[in-house]
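We just call them A, B, C, D, E, F, G, H, I and J in the order they show up, numbering each chain from 1.
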């Protein structure tokens, strides 16, 4: 599983429409409108990198209302389950 | 439900330890180590803003290894379910 | 009570009109035109975060003359009354 | 009445103490700890500019825990009362 | 006396005309065209802050050729006379 | 006459001392402590550029408390007298 | 094949040693010392993203002399061979 | 051999076409579309600097779809072969 | 002799024409087209500052193709001849 | 002939010493101390790029007092002689 957090700016007045359009794209799991320098944060989850490398430039970056993106690729996902296991085996 | 995306920088060599420590804090749902200008992205979910306003400065910003944070407050969470409903009732 | 300080830039010649328009929005308590990199500073006070999360993007960010906003969410409001209490009970 | 909004950064772990100390200074009306690039926002109100020009550099900028300040001087304070009057006399 | 140093950018080819126009405004004492990131530096002197707070936004910021301003408010004016006095009474 | 506006940052707590020291240097006409990103603004006036080119690096930039300077060289000084003359001879 | 271009800054005097050390890491194909804001550019090639996501944070970012990295993930590699094929089949 | 790494931004929707066009230019060895602040990374290899100094401004910077370039000139290319030799002769 | 190094940006495709036009201006000694954030570097040499202060804003900054300039005024020119003299008289 | 313009920052109080030291390096033709964000500007002229690529990192960037450099490689040197020829043959 390859995960990516995409920080997105859109044209004025296009926040809701762009969020909806992003959700229609395969691999886009969650979208948030947010305070601060970015307008939207999208969480992407793909089975492999090749799929992400095809979808992001062809389907996401090509949405006309999107004016800027900052794609953060996840090296690792830390979860409470891992944490629990760590505690179970005595790792601090 | 109040959601926040926190972009985090940590001291060199403290990425894994800080991610684990964040997960032990109530309200921290997911943590990712990422490429780019930030080291970690944390997703926070709280029942109300008052709870978040207490936990973020007192428990997150006070972790010594964290050198910089950028807290994005979510105005709205867009989900596939909403999208489905929109399609169902013929909204474009 | 959820408080927010919004730093705002507006189009040339729209400072006074935008300030007046902001004051008509529920939750906008005070507006100042200021020196420096921002044109206006607005103080927002809402009964809960959900209300703020609806009003800011839908009513404030949608004012056409506003070209840029930086929304600072208050974690805590420090007041002289708290200070007085602290002195009363001997806290330094 | 001269009003100023001061955006303040403080040393790690000094947010609460600095906020309390600011409130002890004459002219400091309100202090908020906030999300984003600044740690504190202080509202200052003085009877005249000469007073502010003495207090800000001598009492505020000299607090050791304060590492950076951005002082925004208010040109004008817009209030609901002004707005009400404007409506009353038919000004748009 | 309230003094302010205003760093100003103007549209291409409007440096001389804007400098002349600034000098016609009450309170504008000196204007310099300069090297570097700014085009003009204006020295403003007003009898009180209220006057400055009215003239700067209404008469200076409203000049169409001015594209950007950075208003520095003087806390204190240091002069050779003060210095002389300091030397006279033995202060170093 | 060669005029220069120098925007200056100094070490914490050294604003007043540095301003006094600057005034002792030949060619330094006025010094202001100011709000905003700079601490001091100095106006320099020299009979010729060679003198300025010697004094600025050797006497001003060498003051230990000065951490950063931005030297703006004046191309031209616009004065009310010039303006009066322009009006007198019918120039717009 | 997953390719990444990593822009790297190192401590003074550590350019050559860091370049050599990078080349010893599996997946690091080429390293260049360069003019400009970065010190080194490294080309990484891995069989899959999981491998890269393990090697970059654990083996590259952990080199003590490296002070800053900017990891650019390649979406697509354009080669002369593809170009030739495009010409062969008449695509412009 | 003179090598250069060129970081390139292109107009929206012109990534693939610009990459193809770059590959048609003599000296352009590889082109990658990438995540992050740049759109494309091009590796250039020329027999001498004079050739590069002619091709880059005349053939690369003149492509209309290219909006910004950052040309990093390689001082040195570090390769596994050099590394092997260093090990062979006992250099650390 | 007053020397200045001017870092210049020009409109797309205007590098060669602007360089030629700059050379026609009295006082412009050398012009280079360069890699990096600037397009041209011009070396200016004038007999006195007054001449430079007239030519730069009136003849250089007024070239329509020039979009941005950064004028660095030389305090001192260090030459091999000075160095030789220093060696000759035993100064290190 | 390969020409380079190097924009240099040095440690406080090291401007003159660093300028002298730069002039002792083969290929360094001229050095200027300047106003603005840089301390020194050095003009480098080498017979070929390989020589420059060896001298800049090994002899210039290694001077301890130098804290930052920005190396601009000249694509082309425009001279009055070229200009004269262009006029002679009727090129505009």
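Some notes on this structure:
Keep in mind that, in the parts below, contacts are C-beta pairs under 8 Å (C-beta built on N, C-alpha and C of every residue); 3 or more make two chains touch, one makes a residue touch a chain.
Small disclaimer: the values here were computed from a predicted structure and weren't measured.
Common neighbours of chain B and chain E under the contact rule above are C, D. Of all residue numbers seen at the chain B-chain C contact, over half occur in both copies; the interface is built from largely matching residues.
Chain I and chain J have CA centres that are 13 Å apart. For the pair chain F and chain J, the distance between mean C-alpha positions equals 30 Å. Centre-to-centre separation between chain D and chain H, using Cα means, comes to 51 Å.
Taken residue by residue, chain D touches two or more other chains at 33, 35-36, 56-57, 70-71, 73-76, whereas all remaining positions touch fewer. For chain C in complex with chain A, the residues that touch the partner chain are 56-57, 62, 70-71, 73.
Every residue of chain D that touches chain C in the complex is listed here, in rising order: 3, 5, 16, 19-20, 22-24, 30-36, 38, 41, 70-80, 82-83, 86. The touching residues of chain H, counted against chain J in their complex, run 2, 48-49, 53-54, 56-57, 71, 73-76. Within the complex, the chain H residues that touch chain A are 12-13, 15, 33, 35-37.
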